[in-house]
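Labels for the chains are A, B, C and D, by order of writing; each one numbers its residues from 1.
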Amino acid sequence: MRTTRRTVLKVIAGAGVAAATRPLFSYGATGGPPLKIGILAPRSGVAGTVGECGLRAALWAKDRANASGGILGRQVEFVVEEETNPKDTIQRLNKLVLQDKVDCVQGIVSSGVSLAMGPAAEDMKALTLFWDGTTQDGTEESMPHARYVFKSTDNECEAVMASLLAIKYWRGKFGTVAGVNPDYTYGRNNWAAFQALLKRFGVEHKVVAELWPKVGGLDLSSHVAALKAAKPDLVFSSMLFADLPIFMKQAHAAGLFETTKFAFPAAGWQHTALKNDFTPEGMIFGHNTLYFAYPNASPLQREFVKHYWDAYKDYPNWEAERAFFAFAAYKTAVEKAAKVKGGSFPDKEAIIDTLEGIEVESLGGKARYRKDHVADQIFYQGFTVHDPKYDFAILGNVEVRSAEKLQKPSGMTFKDWIANGHIEV
Amino acid sequence: MRTGTSRSERLDPFSLVISFLDILLGGVFHAAVLFLVAAGLQLVFGVQKIINLACGSFYALGAYTGISAVTWALAHGLPRGLFLFALIGAGLGLAVVGPPVEALLRTVYRRDEAFQLLLTFALVLIIEDVLRMIWGANPQELGNLYMHYGTVGKGALTVPAYNLLVIAAALLVAVGLGLFLKRTRFGRLLRATAEDRETSATLGVEVGRVYTVVFTLGTVLGTLGGALVVPTAAASLDMSVDLVVEAFAVVVIGGLGSIRGAVVGALAVGLMRAFAVSFMPEMEMLSIYLVVIAVLILRPAGLFGKAAA
Amino acid sequence: MKAAVWVGLGALAALAAAPLVLEPYPLTLLLQFFAYGLALLGLNLLFGYTGLLSFGQALFVALGAYSAAVCTRKLGWHSFELVLGVAVVVAVVVAVPIGLLCVRYVSIFFGMLTLAFGMLFHSFLFKFYLVTGGDGGMLVERPSLFGMRFAEMDKTMFLTRPFYWYALGLLAVGTVVMWRIVHSPFGLHLSAIRENARKAEYLGVEVRRLRLIAFVIASAFAAVGGTLLGVRTGLADPELAYWTHSGNLIFMTLLGGFSNFAGPLVGAGVFIFLQDSLMSFTQYWRLVLGVVLVVIVVLFPRGLVGLAQSLVARLLRRRRDAHAHRNA
Amino acid sequence: MPTLIETHDVSKSYGNFRALSGVTLAVATDEFVSIVGHNGAGKTTLVNVLTGLLRPTSGTVTFKGLDVAGVGPVRLARLGMARAFQLVHIFPGLTVRQTLATAVVSQTGKAFHLLASLDGDAQVRSQVEVVARLFGFEQLDLEARSLSQGAKKLLDVASAFALRPEVILLDEPTSGVSTADKHQIMRVLVDAAKEFGVRAIIQIEHDMDLVSEYSDRVIAMHQGQVLADRTPAEFFGDRELVATVVGKRRARE
């Protein structure tokens, strides 16, 4: 996955826009100064790949919108800043809101950063749409009733779905269980969700190893050795950064895959790096809200995947869908709010009211924001197969579930929902 | 070690010994990786009394160049089995980086250690962005190429042959470096300069040239190490900053300036991490810093270093 | 000495007037400058005046931020005076044992030992997720200043008005206190230790005890800076304690010039505004900062203030020569 | 006449080399003691033991009745014992005023005055000026590194005197200085001792003229032992003793 070296902005100019087939929505052009959207995405380190994929999708969505007259006739401009650690990213948020005076902020991938950004954006009354990064206890604690911040689906959705699939297809086939989850908020919450669901559905199990590799660590030989010693029947791992392919290589070399079943709820971020020669078939594999090779994908998804391959000779992961949804939701909300007010550009409060409960056609199909500002999209997971068309593992049968069935309804805590909420395997 | 109950054979001593050996081997592999990073740092400090914070950056440079060299070589018809030589070529080729960097450091030899330390800190910042410019922000890796050499052993104790090769390379470097310093004329020259820069200069030792060679050798140890290890892992921008801390722990435990100390330090850190991961996951990195602090307090010179404070 | 006082007062007046003139964003940068200014005053007491290069000063900056988080979030104490007191006490309690161990060593070993302690705290913050919130860090709620909560103000207004002046006041007080310390008999003994610790011992200077006191003072200043950072960001996260953050602190001190009292303050200001503008200008801002550091270390070891002083001196000399030439 | 410094059967060995063996001596008030002997005779080791820098392998060292074996220079400086070195020890970056003030601050116990202004302290200022005047330093704001070698040596000695010690140990204070200046410096030392109430001076010296002219007592060291402890007249009278201690040529003159 060779990326062009020129700065990302130049790439946009070069790539240009696929012929604008059908303009999304065309309303009376009200014209006016360009609409500025601030994008906060990681461009280095472990999450660099993911941030880039999201940015490319956002740019595609922007160019499509601009080609058909922008939003209410105003051309959209991006101000792109780098998401790094919480302290510096809040500094960039300040710059976007106070100096660049952007109309909306979209982005954020890491859960740690989102927990810090949420309260900061609320305080600054900055309309912010998160791509990713909101975990369970984080949101309950930091953004109980957000007004200006719209959160992604709960980060545990993929873990819940993977757990449900494991229970549905492998109940009775595993006794001992091991966890290898990245050592940060996201990893800890996913592992907790998996164990809670096993308890909820009365699956008798014993935890034989609980490992916490450092995020982005490059040497996992000790972790693989520990797993081999523990001899688990099932390994649940929400690893999702560059350390995942390394773990797979070293686990394959150690012969772990012959005896043990694996569930990877978030492997989608690294799907092109999980080559067939070290990724076995029959593993539970999560693609989150975008599976690029979904047989009956929407025309929109097909057009995007084709554009992505033509422009970058690569296949997108789910971050693209998250970025597209944030942009599409904002665009649709602004246009809807304008219609109610007779065509003039709506103010922030009006946009927010329209965003609450909005439903748009995103890359992964129907996607909407609930009244409590939590996103609700469609999740894709399945069992890996080797397909001659690709040198990396893709999905055999694909299970599709809406986030409604995978995350707590508004007003309920995560623990109550898992213990006695309505969940079907 | 928490043993499961439902599978009977897990309790018998044979499999306990096997998994112990397996963890041990994982630890030794990690120790080999650490030694390759620390050896360069140790050599440069031993002779020039400079702590090179950029040792991790040279290692990362070796890793990235290694990947490009292999990709290029395979594309130009090099048989898959010979990818190792492309790696070694890349690692050694980067010796070219040594002299210019040493020339830069030379401008501050006379001054306080703080200046040398900060100059290498500047190199960390510079090299990270140079890597970003050339290879982009995303981690690069060579897929499963290293499995081309297959695995060794059977059953629970199977290990990739390439891992053993890395361990062997580290041993080779350790022994080679030891012999070089003790046996060869230039080696003795280095140790003399290390002992006392002024008197060596008065005895006609061309100190400038010695420093250039030593720093370049230290650089090559880093870049070669990076290239050799990359097939089993990946090259990412953060490795240059993360590795510094572990290499630093190895050098402190082993004793500043002593190659033998680096070997022992690497084994200590490697094994500690391997067993901590299996038994006390929470304490993994914490345990290493505690040992570093304990060593710095009880034996400031480290296990093999010369008196320092 | 007179000139320095006038320059100081002039800067203070300008900074005090800034909120009335500048846009909110540069004001948040100035807030960061106040926080780092305090931390660097402490660091330079150790580095510039006592000759000890600490590579773990970020430990105490993080400690200050986390104290603010624990006080406001976990314990519900919102009085900022109380938070500052707790931060200083916590810093001193942590600094004394670490100082006792570290001051026995010098140069490279002092640097390495302090770096090791910094990383120990970083991995503690990261690992003990349940206690510290791991990588997500801990939120810092808005404190009350002298009992006033300014609830009617949104965060930006609060940060760029009342909190801004409060922080400026803290920096001014910190500067005056550090100026007195550096020009006191205690300060002279620290400089003697820097110049020649063995000779100082023979003149009855209690080297270890004074180094420990300097270490503790430096950690208290860093903790106060840390609380300001914590409140400004609204969060304390483990990255604050990472070793490269300590490296940046030393970078700023050197950029300004460590052999001059005001050097670190200048260094903090220039670094913050330089990094901020670079980050928006190019993706390769680390490269530019690295090159700036090389230029400073190799060509201008006495930093920007040192450079300015030598330029002014040369200017005066040229004018005096010209004057003398005309009369001759 | 109370003894100031007393050593009893002190020996010091490095591995199997015995630098000092069985040294017993006492120095009382108003004595100017010269220690003479070849290089390696143990002179410097003896002074290092007396100034608490080295802990003797065996035997006791007392200063004003207190056991000070290996107690370290800081404590001894506080107790009133100062020392200047053969190799010049100065604070390169500090000015003459600051160097002398360092000693005065220690002596007046103001080291822990964190917020008091140094420049505004009249007591420190006056004591510094007294020492400076006595040792002939006019420009007090010159940095030590910019002084001549002789001036640096003088500053080193002056800073020891600024401690107002009761006993002062000097290690060839006039080495590397022209013979004309030697006597001039010795006179300054003696005056300063009187001015600051220094009760005893112990000086390692090679220049026999100075030894004979200024000291009231000569301790001759040879291979780690005290060969003789006599008045200058007795010492120079015994030709054979001078030969072993100082060397043939000098003995003949």
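Couple of notes before you dig in:
We adopt the following convention: contacts are C-beta pairs under 8 Å (C-beta built on N, C-alpha and C of every residue); 3 or more make two chains touch, one makes a residue touch a chain.
Since we're looking at a predicted model, the values are computed, not measured.
In this assembly, D is the chain whose CA centroid lies farthest from the centroid of chain B.
One finds 77 Å separating the Cα centroids of chain A and chain D.
Averaging C-alpha coordinates per chain places the centre of chain B 52 Å away from that of chain D.
One finds 36 Å separating the Cα centroids of chain A and chain B. Distance from the chain B centre to the chain C centre is 34 Å, each centre being the mean of its Cα atoms. Among all residues of chain B, those that touch two or more other chains are 132-133, 282, 284-285.
Within chain A, contacts with two or more other chains are made by residues 43, 212. According to the touch criterion at the top of this document, the contacting chain pairs are A-B, A-C, B-C, C-D. By the touch criterion given at the top, residues 7-8, 43, 81-82, 85-88, 90-92, 94-95, 98-99, 110-112, 115-116, 119-120, 123-125, 135, 138, 141-142, 183-185, 188, 212, 215 of chain A touch chain C in their complex.
On the side of chain A, the complex with chain B involves touching residues 1-5, 43-46, 48-49, 52, 175-176, 206-212, 214, 216-219, 221-226, 228-233, 242, 245-246, 249-250, 252-255, 273, 275, 277-278.
Across the interface of their complex, chain D is touched by residues 177, 180-181, 183-189, 191-192, 194-196, 198-207, 210, 213 of chain C. Across the interface of their complex, chain A is touched by residues 23-25, 28, 32, 126-127, 129, 133-137, 139, 154-156, 229, 233-235, 237, 239-240, 276, 279-280, 282-283 of chain C.
Listing the residues of chain B that touch chain A in their complex gives 1-7, 10, 15, 19-20, 22-23, 25-27, 29-30, 33, 132-134, 136-139, 141, 143-144, 146-147, 151, 156, 158-160, 163, 232-234, 236-239, 242, 273-274, 277-278, 281-282, 284-285.
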